[in-house]
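Presented sequentially are two complexes of chain A, the first with chain B as partner and the second with chain C.
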Partner chain A sequence: MRPMRKILLVVERDLRRFIQYKFLVILRTIWFGAQVAFFGLIASRMVVPELADIYFEFYIAGVVIMMLYSSSVFIGYDIFEEAEHGVFEYLLSLPVSRRELVLGRSIGGGIRSFILVGPIIAITLAIIGWANLPNLLLAFTALFLFAFGVSGMSITIAVTLKSGDHFDIFMGVLSAFIVRLSTTMYPQAFVQDASQAYAILSQFNPVTYASDLFRWGTGIERYLTMSPMPLAALIGIVIFFFLFTLVGVTFYEKRLEGGGWQ
Partner chain B sequence: MKAIIHLVEYDFRNFFRYKWWLAGLISMNLADLLIMAVVYNQMLSPEITELIRSYISFFAPGVTVVGLFASAFMIGREINMEVRRQIHHYMLSLPITRLELAVGRLLAGGLRGMMYMTPLLLTTFIIVGFPTPLQLLIILGALFLLATGIAGVSIAIAVSISSFEKFITARGLIYYLLFFCSSIFYPLTLIQKLGQEGIMPQPFVTLAELNPLSNCANLIRAFLLGNPPFTLDMIRNLIVFSAVFVGTATVAYMKIIQRK
Partner chain C sequence: MPIIHTIGLTKRFEDVVAVDKLNLSIDEGEIFGLLGPNGAGKTTTVLMLSTVIKPTQGTAKVGNHDVRTNPDAVRKLIGICFQEPKLMWVSTPWDVLNWHAKVCGLSTSERKHRVKSMLTEVNMWEHRRKRIHGLSGGMKKRVEVAKILIQRPKIAFIDEPTSQIDVVGKHKIWDMIRELRDDGSTIILATNELYEADVLSNRVGIMHKGRMLVCDTPKKLKDSILGGDIVEVQLEKAADNHVLDELKGLEEVVEIVKIRPDDLRVHLNKVEKVVPKIVNLFLNAKLSISSIRMSEPSLDDVFVHYTGLTIEEAEKKSKTK
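Our next item is the complex of A and B:
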């Protein structure tokens, strides 16, 4: 069997497993609805006049990226569940190399999150619209890379930590900081006004690159962080994708040998 | 009384097993306060700044209430797990009456919420200012009413739903509805204004006004910030919420757990 075919089989397995998570889909949908109908709507009445006219659209675009991030992280929880139930041994017995396995899982994780966020993106586009189709398609391509990169990051952390509880907590704290120290909820100009340190961290944050690209793709260009757009954000996403896919593959391969996940 | 104290001790021991989880939750609450609130403070319109002084001062009581809510709700997760793993049979075999069992679990849930919330409340006091001793007593009393009411909601759901996934979904629905349709993140007047403009449906405006999280956060703000003004309605709403859900949870726990 060719390597590509094997990777596709791993991707297919992860996609099939995803159907089990229907409650996750319901929960995420409720969360999105609450964020848009309450927080987005009400917060847009709280902000300064120069931001107020676009803040609702700005915020919804950020919520989509938050969802994409948190859904892509989910593959790490699967890895822990498999380790607990002895599925790892079965996976290792398959005629699939370690590298194909982790690449397949990273891609599967990314596609899963896109399937989950797809309807939400459609609703968002119906609300905020888009100005330019090629820009939107370019933004989507970059968001795919972002989702694969986050899945790779989640796999890397999952195989580095041995306890499922520690992983749960670590990802919770990391998500809290990585999302808040990005431009998902607020423009970079205001982060800069709040704190120079926050602004620096926000500028080197993949979630900021993804938010900027999605907003650029939908035509919300007033408060973009990266310059020149879209090149700077694209470079950031591509580096993030390669770094974590590569690191994820290496870590996963090393951990799998000799029962290192146990 | 001794049986109830034993149950409270049992639940507190369980609570400390989640110390890493609690540390994670605290850091998330602090990230909200130290990052999100600091940035939002820069984004506030002059009218809102006039109304709430600063977003950090406004949001600090909200974070305290959010922390209390999340930790008091944890008792439901544990009871749901006990029901699924049949541990409740062991609990029922103990020389403790059903009523003591229900009251002990409720009290433990509320007290655990109070314990978790204490560092957040202290942070709020440090940021916003300290209340008078009488105000402090009222704040603690209100928070305790809220904590036991929330423990009641979570226990009532936990014993009524046997599937963990359904419990998590119900919890998510309650979390998001009560968090976002409240005055935790924004002043109640903004929600009321959206209601008057016809943008926010009236049932949501009423929910935000009666929401125990709104009442508790506003009560703390009334004493520490002077706005919104303190009214007895805040206390009355919290007493009603707590009484209804403590009663519901007690009956549900005693009846349903015997049947399962």
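Our next item is the complex of A and C:
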């Protein structure tokens, strides 16, 4: 069997499993609804009245990226659930190389994030619109790479920490840093105002790149202090993707091969 | 040339030596029984040979591929039926087997045919769309066994295939394992059920505390026990010490186990020669014999012979450690 076919089978398995988690999909959608209907609407009232609608749009776009990030991270939790049920050992015994297995899972994790966030992206676009189709498609491509990269990162951390509890805590802390120190919730100018150090960190953050690119694709880049074509963000996303989906694969292939997992 | 060959294969988990310098040679086409109590190191051996975990020391070649340096090639040859079914609770038996067949490279028509026929064979066809979490332990085990029967790998590791399975189901699975062997698979059967190892295996290796104590055909193992024949004598009343001493004095008698004062188990050699002597001895002592039965030693006796423990005692000891 060709390697690509094996990777696709691993992707298929993750997608099938995800579809079986209907409850999770429903809860995530409710979470998005609550974020927009409560936090978004109320927080928009905290800014000057003439900017309330603008912040609301900015915020919704940010929530989409937060959801995409947290959904892509979910694959790491799957690994621990599988380890608990012994399924991980089963996967490691299959005629699939570690590289194919991990690459397939990264891609599967990324695609299923899009399945989950897809309807929410559609709602968001209906609310805030988009600039033009090429921009939007480029933004989507970048978001795909972002989702694959986050899934790869999640798997890398999961196989490195080897403990579900440690992973849970670590991802909580990482999320606090990576999401809060980004432009997901607030424009770069305000981050800069708060602290120069924060501003530097937020500029080297994949969540910032994804948020900026999505807003650029939707045509609300006028609220950002960035160039019209967010090339830096695009390069940042591509580097992030390669780092965790390709370089990361080699790293955890070494860890997994022959039972490094245990 | 053996299809599996290990030299000094060792696995340590911190201070615990799970498998200790295992030397093993398994020929193509045989059913090799890896026998021992829980905690003997059988599953760890299977996991090392299937590249799931890495040996701490030693070498292992599976199908002439080294498990450390060429694990991908090893995985193309093997399949595992795990001791504990490895199934996600949200999946269904159909999903599990269908995906397994796909990833093992079966063509669409062959896959559909094998999945359906195997689900039917293991009496799971009706339950094929039920979630795993709604299935009983025995049903899950049958799905796990079906995976390897669908895959038909060149080398099949089968870990306690009939635990949690009823008696009728056991015989069916044993027949399927024999069919798998007849179709060309080499089978490594890890089990703590002595009878299962006896009836299925061409050769048996007995493991205890991570070490391989002995390895041969079941018949040769049984014959290797001094006093390998057994005569069980049930008397109308208890035999006194004088009679027992006289019995012990027979040159063929190796050991007398008093199950009850009137129920004796005599381990001896040359059973056909000594039985008339035993009968005469009891008749002369005015002890009526209710029943007398000759039997071969079982692998149970072999295990006791080599470890000094029954398999149940060995399991208890390993649990209390």
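The rule is simple: the second predicted complex is superposed on the first by the 250 of 262 C-alpha atoms of A that agree within 3 Å, B and C clash if a C-alpha of one lies under 4 Å from a C-alpha of the other, contacts with A are read in each partner's own complex, and residues count from 1 in each chain.
We take it that a contact is a pair of C-beta atoms (placed from the backbone, for glycine too) under 8 Å apart; a residue touches a chain by one contact, two chains touch by 3 or more.
Computed from a predicted model, the values in this text were never measured in an experiment.
**Q** A:Y77 contacts which: chain B (first), chain C (second), both, neither?
**A** neither
**Q** Going by the contact rule stated at the top, is it chain B or chain C that touches a larger number of residues on chain A?
**A** B
**Q** Pick one for A:H166: touches chain B only (first), chain C only (second), both, or neither.
**A** After superposing on A, A:H166 lies in contact with chain B but is clear of chain C.
**Q** Answer with first, second, both or neither: which of chain B and chain C does A:R13 touch in the superposed model?
**A** second
**Q** Output check: A:A34 vs chain B and chain C. Expected answer is one of first, second, both, neither. What do you get?
**A** It touches chain B, and chain C stays clear.
**Q** Examine A:L94 and indicate which partner it touches, taking first as chain B and second as chain C; both and neither are also allowed.
**A** The second partner, chain C, only.
**Q** Using the superposition on chain A described above, determine whether A:W130 touches chain B (first), chain C (second), both, or neither.
**A** So A:W130 meets neither chain B nor chain C here.
**Q** When the two structures are overlaid on chain A, which partner does A:F140 contact: first (chain B), second (chain C), both, or neither?
**A** Touch status of A:F140: no partner.
**Q** In their complex, what parts of chain B are in touch with chain A?
**A** 20-21, 23-25, 27-28, 31-32, 35-36, 38-46, 48, 165-166, 168-169, 172-173, 176-177, 179-181, 185-186, 190-191, 193-194, 199-200, 204
**Q** Once bound in the complex, which stretches of chain C touch chain A?
**A** Where chain C meets chain A, its residues are 47-48, 50-54, 67-68, 71-72, 75-76, 78-80, 82, 84, 86-91, 95, 99, 102-105.
**Q** Quick one: in the complex, what on chain A touches chain B?
**A** Interface residues on the chain A side: 23, 26-27, 30-31, 33-35, 37-39, 41-43, 45-49, 51-52, 165-166, 168-170, 172-173, 176-177, 180-181, 185-186, 190-191, 193-195, 198.
**Q** If we count contacts the way the header does, which residues on chain A are in touch with chain C in the complex?
**A** 1, 6, 9-10, 12-13, 16-17, 20-21, 81-82, 85-87, 89-90, 92-97, 257-260, 262
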